[in-house]
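Okay, got some structures for you below.
What follows is subunit A paired twice: with subunit B in the first complex and subunit C in the second.
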Partner chain A sequence: MTLGYFWSILFLSLHAMVPITLTAAGEVVGERAGLFNIGLEGILLLSAFTGALGAEAGGWPLGLLVGIGTGAVVGLFFGLVNAYWKGNQLITGVGINLFALGFVAFGLQALGTPGFHDVPRDVRLPAIQTPVGGLSPIVLLALVVPFAIHWFLNRTRAGLWVRAVGENPEAADVAGVPVELVRLLATTFGAALAGLAGAYMAISWMGSVTKEMAAGRGFIALATVVFSGLRPILTLAGGFIFGFFDSLATWIANIPGVKEAVPWQFVSTIPYIATLLVVTGVIGRVRFPKALGVPYRRE
Partner chain B sequence: MPEPLLKAEGIVKVYPDGTVALRGVDFDIRPGEIQGLLGENGAGKTTLTKIISGLLPPTLGRILLGGEPVRLRSPKEALARGIGMVHQHFALVDDFTVLENIALGTGRPADRALRASVAELMERTGLRVPLDAPVENLAVGERQRVEILKVLSRAVRILILDEPTSVLTPVETDELFGFLRRLKGEGVGIVFITHKLREVLEITDRVTVLRRGEVVGEVLTRETSAEELARMMVGAELRPRGRRPVELLTDIPRERREAVRTGVEPVLVVEDLRVPAEGGGEAVKGISFELYPGEILGIAGVEGNGQTELVEAICGLRGGRGSARLRGREILGLPPLELYRLGLAHIPEDRWKYGLILSFTVAENSILGRQRSPRFLGPLTVLRWGEVFAHARELIARFSIQAPGLEAPAKSLSGGNQQKLIVGRELSKEPDVVIAAQPTRGLDIGAAEYIRDLLLGLRDEGKAILLVSADLDEVLELSDRVAFMYEGTFTAVTTPAELDRERAGLYMGGMRG
Partner chain C sequence: MRRLRATLRAVAESILAAAIGLVVAGFILKAWGYSPISAYIALFEASFRDLYGIAGALANATPLILTALTFAVAARAGLFNIGAEGQMYFGALAAVAASLFRLPPGLHLLVALAFAGAAGVLWSLVPSVLRATRGVSEVISTIMFNWIGRYLAFWLVANVLVDPYRAEKTITVLPGSRFPTLVPGTDLSYAIFLAVAVALLVYFLLWHTVTGYEMRAAGANPDAARYGGVRSAGVIVLVFLLGGITAGLAGATQSLGRPPTYAVYSGLPQISNLGFDGIGVAMIGRNHPLGIIFAAVFYGGLQSGARVMQLFAGIPLEMVRVVQGVIVLALALPELLRIFRILRRRRVELGGER
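This part shows the complex of A and B:
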């Protein structure tokens, strides 16, 4: 393998890292507040679809906004059901995933592009030109966001509140922290980041929408959250590991000779298996918020 | 008489499971007054104060603040109106540092300015805690100080303290009282809940007594006595002091017990036990002692001097070096279940962390640790629920535990009743060695007396008891020998007969005997 290959795999890895890292970093905030959103996969898919529509209607800025907005709306719904109405987080999350699948399949059908919906080049997010190729600005954002979240959680008053409601909601309540509101906002923020990740996939990275495009990334993000032990900066590592194997698999699948001999479906399982192995292998003593997944009731 | 700061009228509280905790209570809080709130375990003291501090909504009744009816929908709203409460069960975030917990309570960031003002507050109140230690590493007494500091670091006009002194040492209690008097001088209205009548007589101006959810008396402190208060609390049928559990009544005179002990092998031998402290260094620095059958060895000392670590190491909850042998067998590092099989029972100081599973029912909690005993475990590892319920009913009757029902979650019991459940369960294991950490903490006078008698009874039967208590009087009253613990070592081991309070205070403060 020449150096050129190395650089291009690194480059591809960075792009493939973005959805995982953004989604996982956002979910870290939600989980720190005590809400466990298994519907991330659905949010990625939904916001990829709506993001593409937004971009087609008003260019990439609108596309990104619509993607983020879609995530936020779903997050708001999730937060209302679970923080305020003490619903079942697992069921709500699964519901989001199922809804997204049905909705996007239906939407693509209605647009007349059931299999593959191309996002026109001129409404995609312009890339930054580098010697190795076009670099999406969102990659740079994704490299910064985990650090910003780390700072937020550990250095700000709001971050203290988020951690408190996840760790001991009763103590937070007694101290005058509005538990439900903090949980709602935290999970909404997390879902909005997943929304950004979805829009990125559609209008920057892939430039298309298919109903399979989330491809389990929401779940890999959840695994990454676990592996990171809810430390946002480590979601960069989790995202990069997945991105790396994802790119490697694409590269392997396209090597002449391999392409004919091994079905690509087989090769494309590599990143999932590899990520899960690394992620589960590395998990040490991870400490989760005590009230994660538990609704808070006063009496 | 000044206008009350707060008036509660006709407060009724019915919990969702149907328990009626308050049946129409009138209560007021006046500026510049310390009001004692007394009552047996389960009388409704915590419930009433939770309602006043916005944590629980009343089922019926209303609250007036400065004459205006208000609805306090959350502690946040109550705090905004200057009502602060120190809760009976700590409302602290375990993995936050002390400073972060205080920051949470003040709504300020955990920065240098806050650190400075908390340091100053610690100076004024005499309540000192390490600000950067995670709360989970603190002993119960230290956590109590954090709770108090947390509320005091806000400007409050009404201050409610739910059993704040149950784990404080006499010195700390005195300093706290001094501070409360100053607050009172500034016009703050204070509600003070305790089971210790001596404290009530010392600090309060007025006393309100609750019984089974009703106010049964309100008196001025200077016009009452301990006897009258006790009578009001328990109703007409005042139990005689020192009522002994019938089945344990033995009258072995002290001299005979001494005789029994000579020539007897110790059951528990601890040698050069060292337990690392959470933040580095050692919490227990090489302690050795022997525990004999038929004796109570008391460990006195200011909390946070390694008692917690000592007990947890012996009980298999924490690692330690050195040796601890139970009837010759090394037990350091053995899991708690194994220790129970070897005949060791542990009444933990932190009832929420190690004592109970709050969301489990009373019945389930009553067999914790014994779930595999053949009495409760049937074929195919199906629990024999009939036996479990029978056992729970037995405990409830024997320890007069007030519980909404066998299937009510443990968290629906009042604090004192939770404690009775733990003590009852541990003693029902028929252990040879009992490690009791703060066994009577939060119990009303009658219940505390019952537990003390029970411990004495067990001793007379020849069991060995290690008693750790922040209540010096309790240690001196019950123990055959007392050890004083200071910064991880014993400063003195002696008998209560050779002690007076002053000398005890010196040993607790680090003087070696």
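This part shows the complex of A and C:
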């Protein structure tokens, strides 16, 4: 019985970990290159919506592709504005979030499903059947991606370029690295991963779209980047901690007895409080790239 | 002279950005099969043609002026406080809580407003202290507090302030602590004067006092602040304090001065997103209290017009937030007006003149 609880919480946590870890691992690449994207929340929401539409039009493979594509397009825009035109990164991010909030609420209403848009079961990503329950294949992908990013950043020439343009763009420029292009590609890649995370939420994990479904996860991912100290593998640990508290909240809220004693509203605050405590705990020990958030202008 | 030119440029940029926002949203409307032209005609006719429309715009502008000030004060000091949303919830509820007891009319309103301001400050306290003492990014802490606050507000509405006869709302605010209605038959109350007065006070504080100068100096030279650790804890605490007061008052204007409900409903439908919309309004108003007043009336007009548009053309009113998002994105571009200069140059080149 207790072992059963253990497995079910582990399963819930792994599924809740995915959007945080994918988004955070992607943002690590962007931040290593020097761009700080607070529009991740909006990207999650937008790509959940477009991913669901894609899946309904052409099945789950199209849904995933559309989600990734949506993230990439927003990332490309973010990169153009900030890497090339030296825009304000924070304002761009806020603009993306406001736009997404409006666009998705508008779209849900225009589709005739204002509160809750259900993604039909037959176009959802099929789960892998295990003795404990269905496991989304994206969970397995999310377990691998941070390692791949670690390898990319530390073992490849392109990864060295990414780190160089975030740490010392002047030197990178002198060495012949195309600073703007590397930043653009890095942030686009990060946003595309957030797009995958959004599509996963809509067509695999939750199976529905609501205008509040991102629920701060984009910002929790930013907190996870801080927690990880910009080391991609640690976004797994960070994502799992938050996934654990997220599913713990769902789990606690459904225990008979506890349900009556503790208001569900209090339980729902647990992931946010945990995020804040973890960030407060690690802050000060984290070293950010020197040129993070600073537009590069050639002297 | 230079200052005048800078002001003119800022105003021109905001107007250009607003135009871009309307055009881009027009394309989105078209893509969904709506007619953008007739939608916009319906929208602007409804919001700015007669007294009722203008009153509606001003009623919507009232809380937005105040939440925009929360963001703008912080932005002027180099901080990115996006916590108005949560602070505003508690302002609205604290103002309702003041109706748990009875006071003489008028005095009751003042006490309710004091409650609201204090509640907003209380909810900004932890992010403020975390930023000042440990350097925890206010972007993350204020967003987390918005979500924590949202659930706590749900709980307060359902359990502490609940109307014993109607479980879906809080108790109704007593008449003695309400803002009187300004234009009968509309939502507009005297709360608009409070919002404008607070904006003017913030303007005076920022540009005509030493404290305001220090706050703007902390924001104007982020490099000095970063390398020299100039950004003092005092400025941070003060910024959050002012932001908490204005956000709390924003909530109060909704529970005390928005006919016909004078209560907060479960799920917070009337007040949700006022804090986030305030961020957009602050940016359109270029983080200047006077600019914010105009930006809030513009956005408030869009909102009330959109309600009519939804009613008659069936276009979801959330379209307005799409417009706002695009406007903010356009404003993120530095020297937006240079687009014109580049276009003119290109035309000259195409014309063969060199």
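By definition in this document, the second predicted complex is superposed on the first by the 293 of 299 C-alpha atoms of A that agree within 3 Å, B and C clash if a C-alpha of one lies under 4 Å from a C-alpha of the other, contacts with A are read in each partner's own complex, and residues count from 1 in each chain.
FYI, a contact is a pair of C-beta atoms (placed from the backbone, for glycine too) under 8 Å apart; a residue touches a chain by one contact, two chains touch by 3 or more.
This one's a predicted model, so the numbers in the text were calculated from it and none came from an experiment.
Student: Judging by the criteria at the top, classify the pair subunit B and subunit C on subunit A as clash or fit.
Tutor: Taken together on subunit A, subunit C would fit alongside subunit B, as the superposition shows.
Student: Once the two structures are placed together by chain A, how many degrees is the angle at subunit A between subunit B and subunit C, based on Cα centres and rounded to a multiple of 10?
Tutor: Apex at subunit A; the opening toward subunit B and subunit C is 90 degrees.
Student: With both complexes overlaid on chain A, does A:W85 touch subunit B (first), subunit C (second), both or neither?
Tutor: A:W85 contacts subunit C only, not subunit B.
Student: Can you tell me whether subunit B or subunit C touches more residues on subunit A?
Tutor: The partner making contact with more of subunit A's residues is C.
Student: Once chain A of both complexes is superposed, is A:P178 in touch with subunit B (first), subunit C (second), both, or neither?
Tutor: A:P178 sits against subunit B, while subunit C stays out of touch.
Student: With the two complexes superposed on chain A, say which partner A:E167 touches: subunit B (first), subunit C (second), both, or neither.
Tutor: Once the two structures are laid over each other on A, A:E167 reaches subunit B alone.
Student: What is the contact status of A:T130 with respect to subunit B (first) and subunit C (second): first, second, both, or neither?
Tutor: Neither subunit B nor subunit C is touched by A:T130.
Student: Which partner chains sit in contact with A:N254 here, subunit B, subunit C, both or neither? Use first/second/both/neither.
Tutor: In the superposition, A:N254 touches no partner, neither subunit B nor subunit C.
Student: Enter the shortest inter-chain Cα distance between subunit B and subunit C once the structures share a common frame, rounded to whole Å.
Tutor: 6
Student: Which residues of subunit C touch subunit A in their complex?
Tutor: Answer in residue numbers: 28, 32, 80, 82, 130, 134-137, 139-141, 143-148, 151-152, 154-155, 158-159, 273, 276, 279-280, 283, 316, 318-329, 331-334.
Student: Going by the contact rule at the top, pick out the subunit A residues touching subunit B in the complex.
Tutor: Touch list, subunit A to subunit B: 156-157, 160-161, 163-164, 167-168, 170-178, 287, 290, 298-299.
Student: Which residues, counting only subunit B, touch subunit A once they are in their complex?
Tutor: 15-16, 53, 55-56, 74-76, 79-80, 85, 87, 90-96, 100-101, 103-105, 107-110, 150
Student: Please output the residues of subunit A touching subunit C within their complex, sorted ascending.
Tutor: Where subunit A meets subunit C, its residues are 38, 77, 81, 85-88, 90-92, 94-103, 105-107, 109-110, 114, 215-216, 219, 222-223, 226, 263, 265-266, 268-269, 272-273, 275-276, 279-280, 283-284.
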